[in-house]
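Note sheet for the following structure.
Naming follows writing order (A, B, C and D), and every chain is counted from residue 1.
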């Protein structure tokens, strides 16, 4: 097969291209041709298709997410806001904390262990890429009915995967959620949150600047993992009637990631890095275009230098591969040797694959021939934006009218009814003891866990001398959100906020993972719009800005969407963790007060 | 005299910082040792910490056992230097044949993290002299492959020679033969322990401080020597 | 009655990353074992049957392998009768 | 050049309890697979050699198995050349 070079593409405008199979719409494909003034090469098409997928471009959600910035309450604590890998918050004493929650829902249904494991791996690299040492993880989970056979397959795999990966990284798991509801049967939610700590001066951003600086790819070799996974997994849904889709699954190597963490923190400590980006969904396509787009110049990459696990991969596949445990750093030429030395110390493979140029293009070469020549912003930051139609569903009124009221759902009368009600509530899986799950997670490692299960919020000490610490809680209730997405999102925030406040910490910032159905359904889009509006309004009132998060759409089985499920994480600071308030009664004779009404 | 206790970092070690903290809280000086370095930097004792060295791929501890630092540690342990292996460190000690038996997959087939009650069965080793014989303590336990197994005659010999250092109480969390949580070599200088005493050295971050004794024992032993 | 033993070998598909095999491969040269260009690690199940390992039994075991012993999303398997049943 | 593949099978010694094998055995009847009286689970390593699988190479691999791939305190191993080298 001949290589589809830029030169060849200019000469062959009529070559048929598989844009539809790659998940692009006709007008999107036309737009790529307009941007480039010719048809894209195969490699360019691969990049645009993954980067313009819903998952990477947020094309349906962007217009609503804007509110989180526009309505953000003034906050002195915010050091880095939305748009970077994760937001960064000032917690005092020169420390900054970064945290973010992300979804790995679809991969976890296909292959529960690896899907959940690589979900942890991905969010940890996001946090690492900000310059922080990851210090804790949390895992808000939603499954189908507890006694459904699919739950039996998915739940143990997900929990083992989160434990297997997180435990092996040495990150304490300080909390999460396990909620069962039939609406998640064919579409469980696996959200993962990571918290990282750094000093203010260690904050790193994903940008490539300084002509002549080197682009270094380090970490695992690149294989065929999850090729096409980004567009296929994130833009399509599972259909009960067809056999399960089995795309190439990404397999995690937590040991490699642990080395990547230590190695990266060491190169940060020696100030060897100008810019850095983790490789997640969309792999090298994402890392190179985002670094170049955010930076001041262009970038030139020799793709054939990328160390491969599978020698037969084509340039398109290398650009789209979602092999895990890789990072991309921009390093001044004089510091490259030391950078490579530190990688060698940690047995991490590192390769100079290109350099920052003073041009404005992202140029990628394959054995000397040019296969990509694009303006990086058009790939990374100027993708399509949709104003999807949305409308309050006609069943909403009926659903709300069906709510329990005094005459329709009576209070239990008498001892027997009360007993029955109590038993019904107490025996529901959502009230069950979660220790089957939590005991599979290491909550002690690093020796700084002040609160973990069964507490309402997790708490981590970040300075052993001063006892400065942070508390984090995640909450979300899909049933409330379905009844009223605006208020439901606010309730999720209020609950997480309360859980943090109850420990004695002061809530500072918010992250969210918005799990919804198909944005092509106006009813779902309405739920989404309402939830965003509700969350943004509530954040404004409470004075806690959203610093980052993640949107997961197309969570549905066939035509049926999950309950709209905004999961909200709140981070708070406590200046002395020895003053934390655990939830248990401490000693006999203490008084119990009920606050609120 | 400051007592210097080395803590080895293998690729994939996780509780190395925690072990160093415990050494410091006990009043000794922690010294970081690197797996590629044969030099033990004049330490008086060594701790092999918990974690997943080399990802615990192949078998836990199987790859670390062949690291340069282990060559020196094995030689010095055979000459009496105190060595404590915690969790993954215990696995390394068994793979190195400094201790008998092996640690295998938990019988539950799950990783388990819990606060575990133990009985100190031998308070005469280098690492347990600060405990009373038969003392009961609670420390965290967290492992996926912590089930101690050995041939019947090896188990009998361990019992007969008083080389069982600690035993699980209340529940046997991983199916260890004869509830064994930790053992020692014949000389009493090398101890392997599945639970994590380094996570029970501060009331704030652990179930109590009953793990500290392992670290103060070694301090006392070395200062007295 | 001679006991029939059937072996099911389960290996990760060739295109799937095998961190365990890689760790072994990297360690071998350090231990002085050269000349091994690739290592893959998988699982081996030894099943003892009550009855003979006839076609019907093998078909059942193949089904068990397909649905249970192997995760065919990422793994391949083979089923065979162990020749030297001890 | 045909690549030589050597397989090393590692199984827990019969006297060591094998909880993984037992879990499989207990699950099989529940899934409708009867007639299996014992299951043991072990590891299978596939090694690709640079050169031929001659006696010298096999001897080296046996040594690697003895000292490294298997823990002979609890495990037994066998080494053999894979017949159908693809």
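Basically, contacts are C-beta pairs under 8 Å (C-beta built on N, C-alpha and C of every residue); 3 or more make two chains touch, one makes a residue touch a chain.
All of these numbers come straight from a predicted model, not from anything done at the bench.
Return the chains common to the contact lists of chain A and chain C.
B
Consider the two chain pairs A-B and B-C; indicate the one with the greater count of contacting C-beta pairs.
A-B
Counting only Cα atoms for the centres, state how far chain A is from chain B in Å.
Those two chain centres are 37 Å apart.
Which integer distance in Å separates the CA centroid of chain C from that of chain D?
Taking the average C-alpha coordinate of chain C and of chain D, the gap between them is 8 Å.
Determine the centre-to-centre distance between chain A and chain D, using the mean Cα coordinates as centres, and give it in whole Å.
So the centroids are 39 Å from each other.
Among the residues of chain D, pick out those that touch two or more other chains and give their numbers.
Touching at least two other chains: 68-69.
Which positions in chain A are in touch with at least two other chains?
In chain A, the residues touching two or more other chains are 253, 255-256, 347.
Could you tell me which residues belong to chain B and also touch two or more other chains?
Chain B, residues with two or more chain partners: 54-55, 57-58, 66.
Under the stated contact criterion, what part of chain A meets chain C in this complex?
Answer in residue numbers: 110-111, 114, 220, 223-225, 246, 248-249, 251, 253, 255-256, 309-310, 323-324, 347.
Tell me, which parts of chain C touch chain D in their complex?
Per the stated touch rule, the residues are 3, 9-11, 21, 24, 27-28, 31, 33, 35-51, 57, 60-61, 63-64, 67-69.
Flag every residue of chain D that touches chain B in the complex, lowest number first.
Where chain D meets chain B, its residues are 12, 15-17, 19-20, 23, 68-69, 71, 73-74.
In the complex formed with chain B, which residues of chain C make contact?
By the definition above, chain C touches chain B via 19-20, 23-24, 27, 30-31, 41.
Applying the document's contact rule, which stretches of chain B touch chain C when the two form their complex?
Going by the criterion above, the answer is residues 54-55, 57-58, 63, 66.
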